[in-house]
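Here's the structure we're looking at; comments come further down.
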Amino acid sequence: MKGSHSVKNVAIIGGTGYGAVELIRLLQSHRYMKIKQIISHSQYGDQITSVYPHLTEFYDDPMEELNINRLKDEIDVVFLATPAGVAKDLVPQFQESNVQCIDLSGDLRLHAREAYLTWYGKEAAPQEILDEAVYGLSEIYKEEIIKAKIISNPGCFPTSALLGLLPAVEHGILNNQSIVIDGKTGVSGAGRKQSQMTHYSETNENVTPYKIGKHQHIPEIDLYLSQVANEDIATTFTTHLIPMTRGLLCTMYGKLDKQVSTPEVIDLYQSYYETHPFVRIREEGVFPSTKEVYGSNFCDIGLHVDERTNQLIIGSAIDNLVKGAAGQAIQNANLMNGWDEKHGLYHIPIFP
Amino acid sequence: MKGSHSVKNVAIIGGTGYGAVELIRLLQSHRYMKIKQIISHSQYGDQITSVYPHLTEFYDDPMEELNINRLKDEIDVVFLATPAGVAKDLVPQFQESNVQCIDLSGDLRLHAREAYLTWYGKEAAPQEILDEAVYGLSEIYKEEIIKAKIISNPGCFPTSALLGLLPAVEHGILNNQSIVIDGKTGVSGAGRKQSQMTHYSETNENVTPYKIGKHQHIPEIDLYLSQVANEDIATTFTTHLIPMTRGLLCTMYGKLDKQVSTPEVIDLYQSYYETHPFVRIREEGVFPSTKEVYGSNFCDIGLHVDERTNQLIIGSAIDNLVKGAAGQAIQNANLMNGWDEKHGLYHIPIFP
Amino acid sequence: MKGSHSVKNVAIIGGTGYGAVELIRLLQSHRYMKIKQIISHSQYGDQITSVYPHLTEFYDDPMEELNINRLKDEIDVVFLATPAGVAKDLVPQFQESNVQCIDLSGDLRLHAREAYLTWYGKEAAPQEILDEAVYGLSEIYKEEIIKAKIISNPGCFPTSALLGLLPAVEHGILNNQSIVIDGKTGVSGAGRKQSQMTHYSETNENVTPYKIGKHQHIPEIDLYLSQVANEDIATTFTTHLIPMTRGLLCTMYGKLDKQVSTPEVIDLYQSYYETHPFVRIREEGVFPSTKEVYGSNFCDIGLHVDERTNQLIIGSAIDNLVKGAAGQAIQNANLMNGWDEKHGLYHIPIFP
Amino acid sequence: MKGSHSVKNVAIIGGTGYGAVELIRLLQSHRYMKIKQIISHSQYGDQITSVYPHLTEFYDDPMEELNINRLKDEIDVVFLATPAGVAKDLVPQFQESNVQCIDLSGDLRLHAREAYLTWYGKEAAPQEILDEAVYGLSEIYKEEIIKAKIISNPGCFPTSALLGLLPAVEHGILNNQSIVIDGKTGVSGAGRKQSQMTHYSETNENVTPYKIGKHQHIPEIDLYLSQVANEDIATTFTTHLIPMTRGLLCTMYGKLDKQVSTPEVIDLYQSYYETHPFVRIREEGVFPSTKEVYGSNFCDIGLHVDERTNQLIIGSAIDNLVKGAAGQAIQNANLMNGWDEKHGLYHIPIFP
């Protein structure tokens, strides 16, 4: 049986990953969504507390096997916190139902099927699904999200980069072909899977540039930047692994096409995000650090016009697991269901 | 004007410290307490966001100067998050009023004035205040806390150590003179003040034993252990600084006086804490790590009987800033005011 | 062809592990040993710089497949930096040769074959090999090492624990049945293999007790402690994973059987290690931190008599990859070959 | 008495800072330089081991007060590891002597006295000293260094940035007005002095942009870049504090003026640095991480031509305390005195 009018039943697919566990944490204080199923392909039958003892006494039920029909019967909102290549096959199966699908993977983010093939190395979802899915960058596509049934939740880097760049790009103050994005992320962005890059001994006390020139978030950033600018934009984007668990900062650079001062740019950004509670613009001379948004759904932005070089410098900080994943997914669910966008999400970051 | 029946007005003294900022974070979701004043001796007049930008849009008011009369008029609950030596002079000034005082410092924890002088190197609070103050180890002194007006909130190490030891001590299964407590704490326990020990470059990638044989938490642990055991107990207690911000683990060892198995000890602990929502006992073979309580008010405990040596090994993990400070202070305020003990505190820890 | 009288040819087996790579680093400045072969079972044929780019321009040769006969022909000293269960099969194959074998794994450390089976879960090496192998705790078994052909290099925890305990145990000042060892180690001790415990996101900002009551270093510590004491000793030993790459600290506790002061104990330890350049005893009131031995072959020891409880508290810090593995292996090779014990090893630790 | 022909006597001024302690570590294995005096303004009379216990048994002499005449009599090489504003007053006092001065601070790096005043906020050194001082970027100014008596040792960021940019700039393949430098540094770069930015609890698990648009290394980078390019270059340069102790990475971006491929750029860099042992160029597809140069004097460089945007991306990694400070200072001393440039410095980095 589906949830009542006021409380929606939720399923999370991909139960042993960090996306899922962060959804569980955030949904605990959500009054209108209730987790009914946590689905794990690899560990169904096990209690989630055997993987995550921190959940003890909060969620002791065993994880379940995927059963699409049961989901259609019982569930109102499905969060897909699965690796690339899973959601593209699952989402189409909910087409005939009323189930809201929010995909946290990259499967539905690129409109062109060839682009997905190029950057993800797999066959893309059916074109009609790609066409229907709404890109869930909550601040920018709010109107579309409110009416959507399928959400493609943005990647962590694109969330930070786009929120940091779009006000400037939309107002046409940048030379759009000069944009450089230097991304820095905590290790949890790589997920729970083990790899040499997530090995403590090699990541600690280290900064590691990775996937230079081939990160799958490049086409995602360029696509939505171009969409807003109404112009083909190719950015230069690099990513660096930082010895921290959570936190993501994009430092961005763009040649100014117009002469503007730092206070003017700050004004422009403040107006742009005036009605958006999760974006906070720092005052002149202050840039956000990632810890200032730790555990929260905020995107904090700092701005500086470098008069020596006529470059706009933008710093945009998020928690990659919250605004960059689970938090934004819930923000989108809030919008889709007519609840307050802030509900269950408007918490003070953990500091220190 | 004081708070209404249903919402109490709160003041926090010591506004720029980590205790205060954690109180602010936790009180944000508390429905029955509202922060009216944040008092800072060193920075009154400044906005707290100038020190802590992560609070932007949550608490933008300037910090205030201490004014006892205004506090007596306007405030119901005062949290003293001040360095050692401040609360002992302030708390007596609230004697004639109805203000509830919760002191997070060590000023009121030792009953004997000479003990305070010995371990803290300062003149103690008046004896009548020491006599009136109730030791706020919520799980153990619940009945007294409910009736108290002055709470001496326990230290971080004593909270972890006592919750880990008391069930065994109270049941008389240990040789009480054999107890060893090996404490490990994150750096935030040392507060926000700068010192060589909190310098990143020297604390990172390092484990540092400190204050060996002279930590001011020694007499606190011994006092309450002795009180429960009805016997003078002196423990061997060491502290180690660990390269992490939050988290505290006491690994404890005691010779068993009786022959008991690991499952029997686990049973004993589970019964002991059955009605206490913030203590979670791990199953056999599992010890808690500090990250499993990160940002939460939980105390997680693991137990093992080492049959080779007939020693009981206990691991007790808390977040030093929550259950070890601000969280337990709020738990005590909940008890003192007849609210649900869990209110505003029963959150899933942040993981990873 | 073997090395000349003055320069010995070296092979390292287990080329992609941390033990091997630390041997390579340390041997670079060794004038009497020269690496001729780096042998890797899993990656022979590959350049070691493809795994470890930091070796670029130092060791660009491909790794080789194991060939015992070639080793016997060309090599004087073999370092076995292999996982448990490999050396026990390889070392016997060098019996008829003059090759010196130094095994960094646990395969040859326990004298009783059943003990190995119990703690390692595998069939042990032949008894004659176990009998011939000398336990390479350089400071304690120096005379035997000088004459040895097979060295069983001690484990990291046993090195720290035994060097910290033996002077007290040998002088009979402790109640030997009361000894508690609380071990804290950096993550590199778990090697390069990936596991959930070495995953950055779960180890960072965390202290994790592990293998409580079942660590394979327990029988090793007890064996050599008992040997020196001439009495069966069972210690209580726990291990904790610390968010750092290198460094290991054992904090140890023992009831004093005699009345001694801290300065007297310090004197006793200083005399004990007077002729041993790699053990440094701290003065009264000072305990070593692990960073003070980082990258070096030192074992630094701090001592305190807790007069309240009549316990001796000992802190013993090493770099787990140097004195706890590769450094001590080279120290043993120096002793076996008549070179200065300090040769190639007597470096200032890296600080900060 | 000064050192003999073959061994030079060395003094280090600024004895309690990280620059000094790293000089001490590296000079331990230097056969031609011997430390005779460690001079500390704030702690002369104290043993350096009271500040740095890791030096125990290596350097137990007390630190000394500054005495210029004694230095002139006894010392051949003075390393000034002092805060900004000290060397500018001390170096002139050695003018009449034969003492070689190597200044690790920024005092002598800018040729124009007004530039120093603007960026450092202090009166600069006398112009004649600025004119005489040779900028000690060893790979670029080798010929001048060999003949110099006063060396201005480069800043940590400029060392990484200039070594990464100069081959491209000198070969004219970049649009020099488009250069963006995104700097990331470990905390030791801020020195041993305590500040909120070096506080463990606030720096750990955090990335902090700082001094955006006002870092004193900006004019230094631009000056030497312009000098080589024979053209006024203004770069856009930002700095980020990373939660690690050592390590510095500059990720750099420049629009390509010519069409070149990644392999062609790699070739160009390899030729440029062919005779320079401390610069290592990574092969295509690989960027260096900072840990791959940890504790060593290497500068490792990775290169990628982003064909989508026609940008050259350069990653340049150093250990900020070695190649970015003490190591390069010794490299310069080697060059000035006719010793092998690699002497005492050519060590394998510590990994992991």
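The chains carry the letters A, B, C and D, assigned in the order they are written, with residues numbered from 1 in each.
The rule is short, and it goes like this: a contact is a pair of C-beta atoms (placed from the backbone, for glycine too) under 8 Å apart; a residue touches a chain by one contact, two chains touch by 3 or more.
Treat the numbers as computed from the prediction; the structure is a model and nothing was measured.
With steps allowed only between chains in touch, the distance from subunit A over to subunit D comes to 1.
Taking the mean Cα position of each chain as its centre, B sits at the greatest distance from subunit D.
Interface comparison, B-C versus A-B: the higher count of C-beta contacts falls to B-C. For the pair subunit B and subunit D, the distance between mean C-alpha positions equals 46 Å.
Taking the mean of the C-alpha atoms as each chain's centre, subunit B and subunit C sit 39 Å apart. In this assembly, the C-alpha centroid of subunit A lies 36 Å from the C-alpha centroid of subunit B.
For subunit B, residues that reach two or more other chains under the stated contact definition are 18, 186, 188, 192, 201, 204-205, 243-246, 288, 291, 294, 352. Put simply, subunit C touches subunit B in their complex at residues 177-178, 180, 182, 184, 186, 201-202, 204-210, 212-213, 218, 234-236, 238, 240, 242-247, 249, 251, 253, 255, 287-291, 294, 302, 304, 306, 308-309, 311, 313, 315, 317, 352. On the side of subunit C, the complex with subunit D involves touching residues 18, 21, 24-25, 28-29, 52-58, 188, 192, 204-205, 245-246, 277, 280, 282, 286, 288, 291-296, 300, 347-352. Those residues of subunit D that touch subunit B in the complex are listed here as 18, 186-188, 192, 194-196, 198-201, 203-205, 243-245.
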